[in-house]
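Please find one structure pasted underneath; my questions will follow.
Just so it is clear, A, B, C, D and E label the chains in written order, and each chain counts residues from 1 on its own.
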Amino acid sequence: MTAPRLLITAWPHLAERDSTPRIMWTVNVSLIPVIVAAIYYFGPSAVLVIVAALAGCLATEWLFGSRETLFDGSAVITGLLLGLCLPAGLPMWMAFVGGAFAIGFGKLIFGGLGQNIFNPALLGRAFLQAAFPVALTTWPVIRENWWALRGDNLALPLMSPGEVDVLTSATPLGLMKFEQQSTELGKLMIGATGGSLGETAGILILLCGAYLAWRNYLNWRIPISIFLTVAALATLTHWLNPAFPGALFMLFSGGLMLGAVYMATDMVTSPVTNRGCWLYGVGIGVLVVVIRLWGGLAEGVMYAILLMNAMVPFINRATQPRVFGTRAAVKVTE
Amino acid sequence: MSAPAQFQPKPDVPAWRLLVTLGLAGALAGFVLVFVYQATLPTIERNRAERLAAAIQEVLKAPDHYDTLYVYQGTLTRQLPADADPKKLEQIYFGYHADSSPIGFAIASGEPGFQDVVRLIFGYDHATQTLLGMKVLESKETPGLGDKIEKNVDFVSQFDGVQTPLTGVKPRQSTGDPHEVDMITGATISSRTVIKIINNALQRMGPMLESYQAAATGPQSAEVAQ
Amino acid sequence: MAKRMRFRHGVHPPELKQLTAAIPVRRLPFPDEIVLPLSQHTGKPAVPIVRIGDRVERGDKVAEADGFISSPIHTSAAGTVTAIELWPHPTGGYQDAIRIAVAPYDAQVPRKRIIPDWRGLDRKQLVDAVRQAGVVGLGGAAFPTHVKLVPPDDVSIDTIVINGCECEPYLTTDHRTMVEYPGRVHLGIRLMMKTIGADRVMVGIEKNKPDAIERLRATLPDDLEGHVTIHGLTVKYPQGAEKMLIKALLGREVPSGRLPMHVGVVVHNVASVATIAEVFETGLPLIERIVTVTGPGVRRPANLIVPVGTKVRDVFDACGGLTETAREIVFGGPMMGAAQASLDVPITKGTTGVIALTGAEVKSQHSYPCIRCGHCLDACPVFLNPQLLGQLAMHDRYDEMVENHLMDCMVCGCCGYTCPSNIPLTQLFALAKNQLKRQPPKPKAA
Amino acid sequence: MGELVWILLSAMVVNNFTLAYFLGLCPFMGVSARVSTALRLGLADIFVLVIASVCAWFLNTFILPYAPYLRLISFIVVIASLVQIVEMVIKKVSPVLFRQLGIYLPLITTNCAILGLAIFQTNRGYNLLEGLFFAVGGGLGLTLALVLMASIRESSEMADVPALAKGMALVLIIAGSLSLAFMGFAGLLSSS
Amino acid sequence: MSKTSPQQDFFRGIWRENPVLIQMLGLCPALAVSNTLENSLVMGIATFFVLTGSSLLVSIVKKAVPGEVRISTYILIIATFVTVADMTLEALVPDIHKALGAFVALIVVNCMILGRQEAFASKNPVGRSLLDAFGTGFGFIIAMVMMGSIREILGTGALLGMKVIPGPFEPWVIFILPPGGFLTLGFWLLLFGWIEKRRVERARVREWPHGVGAREEAA
């Protein structure tokens, strides 16, 4: 018998079928329904904004990252998520800048995939929100003419968006906070309201999230703890002061669904321990409610997640698992 | 700072020398400071007065002259008793036309806004319960959005002639009510802060203004009648 | 028992046992040469007592145990000692081994009763016989069995746990032992109860071997009834790890850094138990064992009785040879087994199985950056944080690894199995432990 | 009461001393590499801030009306010497506490957060109670920023940060990101 | 301290040992008030004044001050100069003084100033101390101008209040907000790091023109 050329690899010689690129691309695929919903509601503007954000991310990754990381799907997730949390009428150049910042300063500067502290997409959005507060809070309404742009998407780079005749309206949260107007729950659930591109279709996002949780591509403890915390606090505050919205409204309005399912669960920027995930989710839930009810902003999901991202290294330290056989009460027969 | 680490005590220096050195340095510093203080004080005070005058000028629509009133023990008074320290009391201003007919009060007040405390001064005619003008003195509101409360002429000019108490409405939803102020789109909190400051200040000061105006205009109108 | 017998965490690799699970054990013909490494067990290597040119009969002792935690080695075939030299060893690298050219056409008749009959032996004599027979744990680690038969005076053992889990994929050695030699298992149990002095025995078998559970229950002698219980356990890796098994069966947690006996338990692999009985039955020392030869790279997978020292090349020949696509040979199970660099590596007492993997099964060695998914934390049966440990290992921060309980790691491979980024976590830990063994961590500065 | 809570929260998160007012940057950049150190430094900070707040109020009420030009000098001299005295007292009374916090005290005395607190407090005309809330809020804010920064730096220590960004550039970017995240608290408690 | 030439004394602080950009001293004012060029300049000049003034005084009186009270005396001197600067600014440019707010007073605790006294002025003759202070002060002003101009141009589209970017430029408000301060300094550090890297690479190519792959890389 001729000896084959033997390979020496390390044990274990079996591995789960999952791989990092596979996880990333699955998340991307699971975003497709949400993107389709965005396009259904916001027309060609949705395509333009998402493509611009994606281009910003990929261009930066290509320039400063490596070839491999360009194709592992992680930069694509950042681009899509960033695009989905922007308003439809945003000039494309702003979305591009957001993408570039997200990848450059949200990810690459920390050493690339897996090493960043803050969710890159949210950091990119927070940067845009701070840089262009007006453009980022101009919410176009869903309107009859599907083909019309929802704002000056095509503004020249660095230039202000021109005055385009677009009907704008406040988001359901804005209406609630500043004018005590509630929005019909049914509309909230199917997403027929003003808001960012991807935050409108609550039910759809939940379904996609359930799929990802089933595949173990997201830690279900995070969204569940966020939902429970927000629902509990909202019920309590609503009971104490009926001017505050109730639990269902809180859950389905704004970016909570998108944030809880896709942003907070970003593996890199969420805790590694399960106990940590519970804490992290509860923290996000509390911050969301606090910012929404008592803060100056109508929506707090983005900041809540970023703040808890900053807490994650601390949470990880504090929730190290108890190692087998180190419980104090172990009885030792001597 | 690494300074303390390099500290090398020299035991042969007597304590009195240390004290003398510090004392000398302190005395010298004090001397210099008093000198510079004396030299700059007039300019500084003039600057402050000018700034205040300019603000009052703006919100009271160019009064000929004005009185400084102190909030003292729940009333407004022009003359303070000798034992009260004017620097610790809240001050408001009462302006007159050239013919000594009263214009109204200029009241400065502040409350937390979007970022930090917003301070503003507004002119108020108590007789007609209308505002005469508003000027933001100090704010850190978001540039380009919240800072429209001081930079947007449309917003600021609304406070000329509006009835109190104010209510804020969205631009497209105004009904023509004289109490309404159009808020700035996207800067609801900042707009509301301005309205809140004015309403709260008037609520707090209302009775005082009432009694002062009655006292001030009463004798005056009698004079005119004579 | 109402309580669910389980431990937390762990992984569910594919079982892959169907290749050999139903194939009865058959005997491998004697090869032309056997190679007996002096170190086939945990502890000090044995010392050779033969010289080159010596003629030895089957079952003769060729190397003597060196100390208490050591074990003698016997030849598994008659022949002539041709060399005592460095030879490829299953743990990697080269180690001293005795090469014996098997005498052709020899009847291979052993000397009579090297090991005495067990009947009439007292406790001490029994243990000594086991020691003389060179019996070691057959589950893989090859810890000398006699050491575990005499608990130290300061501990009292109340339960003997028999490990029939065989949680590693592919392997069916223990499975076939239980199905085909239940009598030996029960005899072994009886002998152990006598030496250890415990009257409760719990046999843990994963539920994917219903025939083994059935067979052991059916053949249980009446007098052991009430003392021996046989438990079906959830199928999960690493169910067969001592600490996990004790946790699952008894709910006791072995304290970090201590041994099972500190919670009153001794764990023996089921094949070792059967071997204890076997040496007394046949009178021969441990010179052959059951090995599962399997994997997609083998033409005819089988369960074989292999003379210890047979080169793996000869084992494959007996199974129809390797396929064209075979790429990697693994000794032991796929989770913890070691890949072999040569087909000349001999089967030792601790070799549970030989697996030939094809290119399709060999795991890619390309790893991605850690994305902190936390799957390894969910997998680690001893609740370590492999993610953190891995990072520390990559930066050579061994002292901090110890602070994070590196020493509790049993390199079971769960973290590496589950890691989507394919980071060789288990190797990093094994390497770090080795480094630390060589160079103990500095005591923390006060 | 609402006013006091607002002062506390404003100094702590809305206008965080470090992330919005840039006070106490030296320890933030320099000492914040270890979480345990950062935590102790933060606690010591709160302590000194409270002392400074009381000092500043005292000086401002009883002395400075007569000599306003001495404000800066008196603040710095009085606060520094008082901290020194407290340090000595702690050393005598509780050596354990001294080992935990004391070694940071000299470092803090020359920290701009202390003088900044005193000046902000007098500029805004806070009374004693308001000053105390301001000091505690500011101290909590400093501690929060320090601990967050330290834990993030600890975890980035093992990251493959590009050589270009290693050190201060990365710290500044992290600080910028934290500052961005803290913008979420804008308008807290002032909307109603 | 090794012997240095007067040129070195002066130029060291401007670039190679720039207090803000290299030594990371005096960050508080550099980040807090650098949102417009005007503020940055005034702050830079005020700091320059305090630094040179106190350096001069410290190097004059250095012999007379015992070591034990050295630091206290320096702080006293610095605080005096700062108060002078504070009052002068309030008299001359009240609007900018208002914008700078408490940060003028905080020059006292700018580590850069006390650091120069402790490290240089207290050990060197008057002339050299003054040169050193000039250099460091200029270095600080340069850093402030670099911060202020970038932040003002990007944050408002103008420089010193005059529009410099044509067209309907959309200002990047973040640059005049606190996060912008951190980020701008971060950008500058990255840029300098990159330039330095290039310089080192070039130098290496000059030294070993046929070095291992170095030439191709640089080309």
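As a convention for this text, a contact is a pair of C-beta atoms (placed from the backbone, for glycine too) under 8 Å apart; a residue touches a chain by one contact, two chains touch by 3 or more.
These numbers come from a predicted model, not from an experiment.
The chains that touch both chain A and chain E are B, D.
In summary, the chains found to touch both chain B and chain D are A, E. Farthest chain from chain A, judged by C-alpha centroids: C. Among the chains present, the centre nearest to the common Cα mean is that of A.
Centroid analysis (C-alpha atoms only) places C farthest from chain D.
Per-chain CA centroids place chain B at a distance of 85 Å from chain C.
Taking each chain's centre as the mean of its C-alpha atoms, chain A lies 44 Å from chain B. Rounded to a whole number, the gap between the C-alpha centres of chain D and chain E is 23 angstrom.
For the pair chain A and chain C, the distance between C-alpha centroids works out to 48 Å.
Counting partner chains per residue, chain E shows two or more touched chains at residues 72, 76, 79-80, 83, 87, 111, 114, 173-174, 177, 179-180, 183.
Chain B has residues 1, 4, 29, 33, 36-37, 114, 142, 144-145, 189 in contact with two or more other chains. Annotation for chain D: residues touching 2 or more other chains are 69, 73, 110, 165, 169, 173, 176-177, 180, 183, 186-187, 189-191. Applying the touch criterion to all chain pairs gives A-B, A-C, A-D, A-E, B-D, B-E, C-D, D-E. Taken in their complex, chain C has these residues touching chain D: 391-392, 394-395.
Of all the residues in chain B, the ones that touch chain E in their complex are 1-4, 6-10, 13, 17-18, 21-22, 25-26, 28-29, 32-33, 36-37, 40, 43-44, 47-48, 51, 142-145.
For chain E in complex with chain A, the touching residues are 165, 167-170, 172-175, 177, 179-180, 183. The part of chain D that touches chain A in the complex is made up of residues 35, 147-148, 151-152, 154-156, 159-162, 165, 169-170, 173-174, 176-178, 180-192.
Against chain B, in their complex, chain A makes its touches with residues 133-134, 137-138, 174, 178-179, 296.
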